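A quick write-up on the structure given underneath.
Per-chain residue numbering starts at 1, and chain names A, B, C and D are given in the order in which the chains are listed.
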Amino acid sequence: MRLDVVLRVGVKLIIPFMLVFGLYVQLHGDYGPGGGFQAGVIVAGAIITYALIFGIEEAQRVAPRKLVEFLVPLGVLIYAGTGVIGLLSGQNFLDYSVLAAHAPAGRERGILLVEAGVLVTVASTMIALFYAFSERGR
Amino acid sequence: MNAVTAQLPALQVVIPLLGAIIAAFLRRGTLAWAWAALITALTPVIAFAQLHQVWTNDTISYRMGGWPPPIGIEYRVDLLNAFVLLLVSLVSTIMMPYARRSVAHEIDGDKQAWFYCMYLLGLAGLLGITITGDAFNAFVFLEISSLSTYVMIAMGRDRRALVASYQYLIIGTIGATLYVIGVGLLYLVTGSLNFADIGTRLAEASAAYPRPVLAGLAFLFVGISLKLALFPLHVWLPNAYAYAPSFATAFLAATATKVAIYLLLRIVFSVYGVAIDLNTLPVSTVLYPLSIAAMFIASILAVYETNLKRMLAYSSVAQIGYITLGIALMNQAGLTGSVVHLFNHALIKGALFLALGAIVYRAGTIKLDDLGGIGRTMPLTFAAFVFAGMSLMGVPGTAGFISKYYLIVGALDAGLWPIAFLIVASSLIALVYIGRAVEVAYFRPIASAPANAKDPPLMMLVPILVLTFASIYFGIDTELSAGVASRVAETLLGGLK
Amino acid sequence: MRDTRRTSKAPLTTLTGKDMRKAALVILIVLVLFDLVVKHHEVFGIDGTFGFVAWFGALACFCLILLALAVGSLLRAPESTYDD
Amino acid sequence: MTTSLLTSPASALLVGALALLFTRGIAHKIILLGFPVLALILVFHAPTGSVTANYLGYALTPIRADALALLFGAVFALAAFLGALFALDRSSTLELSSALVYAAGALGVVFAGDWITLFVWWEIMAIASTLIVVCGGEKAYRPAFRYALVHFLGGVLLMAGIAGEIAMSGNTTITSLKPDSWPRWLILAGLLVNAGAPPFWAWVSDAYPASSWSGMVFLSVFTTKTAAYVLMRAFPGVEGLIWIGLVMAVYGIVYAALENDIRRLLAFVIVSQMGIKVAGVGIGTPLALNGVAAHSAAAVIYTALLVMVAGSVMRQTGKTRMSDLGSLAAAMPLTAFACMIGALAIAAFPLTSGFVSKSMIVDAAAKQHLPGVWIALLAVSAGVVLHAGLRLPWLVFFGAPKPRIAAGDPPQSMRIAMALAAVLCMVIGIVPDGLYVMLPHQVTYVPYTASHVLVQLQLLSFAALTFYLMRDLLKPQPGITLDLDWLYRRPGAWLACGFDDLTAGAWTRLVSGINSKAAWLHDLLVTHHGPTGTFGRTWPTGTMAFWTTFLLGAFLLIAALG
């Protein structure tokens, strides 16, 4: 497939849009359908598409295996860490109202952070799974 | 200080959870072990503080994210789960010093940190199931602990570990699915996910929709029964225990099934028992035959088993039979026996599996036929095995005796003397399989595998001895185990008229 | 008092012989004669009588020996009886 | 509570027994001697009153330190020390360690305030004492087995009785009982087995002489005396005990008079002495019970002394048959002297411990106006010259010279042990007040009146006269005297041999029948439960899913139908 110009150019054009769409789904998750899980899959899809067309080595130059495996726990850490901030500032665990001056604004910010954590973990897990399967045959 | 005390329920779960994530960043095995040991050691402190609080004051209720129940998730600590929390966290802490060498011996260097990450995740999951007052949250934690368990089992050296893990994964997933269907049914009829809240709404719901309420119980019961390895849904357990890394086996045997039993107690007594007369529910009807079948069939299986880990795994299935038998009796003494056996069995099996792990570490095999004379080359380890084994049989003066005593009294109170007789009879089968191991270990000529074996290093030996001592000690001082258990039984039966 | 003891024992060793036997006899008689001086608090009537304990001791011992001989003639068996 | 349990004399001795297993050399000896001394100190520091605990909902009294318990506790600790000192040269760690456990069991029984605690220590004693018998060597295995069986039987009787008593009265505390219900009869029977009462008394003369030269010292002290102690607590004044006791006393005298083996002779002496105590318990007045307590205390010391003498003779000469022994006084002067002190004490000669204790029981019978009992006790007192009082010392240490036996007094530690015991026998006899103040009941008793002394001197000297005149009839002869154990040993032997062809044939058929059935059962079990059997092999995941569905369906069905 490497020699297939149409695919290569097409994919290069699509990938930025996929990433932006991922971000859109991510941010839209506060009010409508969407959120970190779906966004994470879309972002991972972008990388996986890249890997399918340009080969696994190319993809791993963009998203190295080590980085991906690092991001898996990092996302969870962001999630749980956000919860811990509530604990540290004297509120209950996962109570985000302390993140900003107004409680509703704080909760909004908390959900944003939590969703970001979910995005990171889901995306990196998907990619890691893909890597694991694709390297199995060798 | 007060602020910390108020946050204890959250910390109980958050500390191991965060600890697990951080362990994943640590690359070196020893470092990850030290971290996991530190994190584990914090959990019984919290559990003890909570038990103390519950014992002296009252139930603790914690609002996750500040949302009041039943809308938000509630962490609710009463005597029963405070007791289980302490048990799980304490046994894990005692076992941690053992982990370093055993894990280093059985798992490749680069995977050790990953193993500890999974272990902490599993611990967090088990503690989470125990502490949460929310049915769906319990499902989430059930999945967290199960997933990490699958990984831990798959990390065993034996190739069959993968198959065992896969089979457990399928069965575990079926179990979790049934559980979540049950929760869904309850949510449909009561509109709540909070255990206590469902309990209060169930009377009304049961009058309006009797069938879904019963169906919900059926799904929850069977789902949890898969997790706690109730006969005949136990088949995943022997292989999972046999091929998992030694430390993981000991950890799972001591904690995982106990937490599942806790969940069953919670559903049956704190949810259904509050609203519905338990004698009209088919719980006892189903549990009696299965428990007794487990006590006998699994014990006899253990007699014929030549792999010591599988032998003890079958023994676990049989012992779970005793616990569920106590639940089936549904009276004060029987339930006390159940709860106290949950505690004692965790100690006993912890000690036994750790001893087996030490044998793997030194002699490299757990095939009974290859272990001739091991009792003489590993005197302390095997002495611990014998003492814990005596406790398993229920020799008077050991912890196991206390459990069986209460169960027998419970059976007699229920007017079921044949069951009391069966309890004694099945205990004798334990004598046979432990006796078989003793015969090989002490009276056979020393075989080649144990010839160069000796007692394991102190770090491994001390946890074995501590747990063995505990499984004897709690036969003499029954204040903590039986004392708490009988109060727990009282509260659980509070709903029963 | 130790003397009484020896009287019954000393003649058995080859060293002493007749003299000791005589001495023992004297002591026995003296012991019985003491009953004239010492007041026994009798309970059953017979126990305060003169020389009661003396003759009773001899008789009891005699009876016990007879009993022992009877038992012995009936139940004595070689040491190998139970060799199992 | 926990502290007082840990510092109880019994647990101290258990620790000592454990420590013995792991030490050697001088430390070993220090522990062996030190822990009994520690136990003795702890007896006197036992918490006054009682320590209570709760076990499985039963109120337990693991420690009840009243006057009686303190007396027996002190005597047992002292005896354990003497026995340990005597056994200092014994190389069998198992025997010594068991001896300390045995002593711990006895102390545990003494301080036990409830039946459950008592039973636990009772069984510890049974196990430890069996081990001591086993340590007598290969010849002791069968006697040890029979000993274990009898004590197992006694333990079962006692346990059944205790269980019944608790079930019927709900009371765990050891109090004075009347045998008016079957559990109490069972308790009494269990206690009497240990006391050496008929029909099971033969275990004493069967097992004790099989033990080693040092082991029998411990054995002679604890089992029977603890039984006397518990009888005192639980069944004082039960009239039947008087007659059982008298039968035991006469039996002991008669069999001892015929016995050839010095250690078997002493075993009969123990039963005979126990008989007097059991009879005292049966009389049951405060004076009688004081007498039993005092006599037990005295008997522990002088019996131990005589057993030590026998042990020394056995160890130094390798012989125990009196027909092989004689005139050892010159070769073993100190042992001979100790033997004489012991003989005087057991004969209740004035100025010895036996005199100040036994006369209380005899007097109690008189005070209760029991003429038959009184006469019988007097006769039994006279009969002592037939065994340990005169027959034993005469035949072993004096009497006709036998072919020269090259032997001397035993090693120093054994000599010291015997000397200490002898001194104790005399001290108690000369200053009885030290013993009297420890007695359970407040009774003023003056042993040294002219009448008492004269009665005892007359009795003993004229009994001795009879013995002297008839001595030739009681010469030691090889052989044994058949006993009640014949009833269970002979049929046992027949059974073991297969007593005749016919029955043997039937037996074989039966066995092969059982075997084939057993093999069938075994095959069945393996088919289903073996590692590759129906239940044992790993089921396919689908089968498991099926069972899950089945269970779910069954549950739903039952729920729907119910």
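Operating definition for what follows: contacts are C-beta pairs under 8 Å (C-beta built on N, C-alpha and C of every residue); 3 or more make two chains touch, one makes a residue touch a chain.
Bear in mind the structure is a predicted one, so any value in this text is a computation, not a measurement.
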- Pair of chains ranked first by number of touching C-beta pairs: C-D
- Message: Using C-alpha centres only, name the chain that sits farthest from chain D.
- Response: A
- Message: Centroid from C-alpha atoms only, then distance chain C to chain D, rounded to Å. What do you get?
- Response: 30
- Rounded Å distance, chain A centre to chain D centre (Cα mean): 81
- Task: List the centre-to-centre spacing of chain A and chain B in whole Å, with centres computed as mean CA coordinates.
- Result: 36
- Between chain B and chain C, tell me the centre distance in angstrom, where each centre is the average of that chain's C-alpha atoms. 77
- Between the chains shown, work out who touches whom and classify the graph as line, ring, star, complete or other. line
- Let me know each pair of chains that touch one another. A-B, B-D, C-D
- Item | Complex contacts: residues of chain B adjacent to chain D | 167, 170-171, 174-175, 178, 211, 214-215, 217-219, 221-222, 225-226, 232-233, 235-236, 238-239, 280-282, 285-286, 297, 300-301, 303-307, 310, 397, 402, 405-406, 476, 478-479, 482
- Message: For a test of understanding, state which residues of chain D touch chain C in their complex under the given definition.
- Response: 142, 250, 253-255, 257-258, 344, 349-351, 366-367, 369, 371, 374-375, 378-379, 382-383, 385-386, 390, 393-394, 398-399, 401, 450-451, 454-455, 457-468, 470, 473-474, 477-483, 489, 493, 496
- Query: Considering the complex alone, what residue numbers of chain B touch chain A?
  - Reply: 3, 7, 10-11, 14, 17-18, 21-22, 24-25, 62-66, 117
- Enumerate the contact residues on chain A facing chain B in the complex. 70, 72-73, 76-77, 80-81, 83-84, 86-87, 90-97
- Which residues, counting only chain D, touch chain B once they are in their complex? 54-56, 120, 525-526, 528-531, 533, 535-536, 538-539, 541, 543-545, 547-548, 551-552, 554-556, 558-560, 562
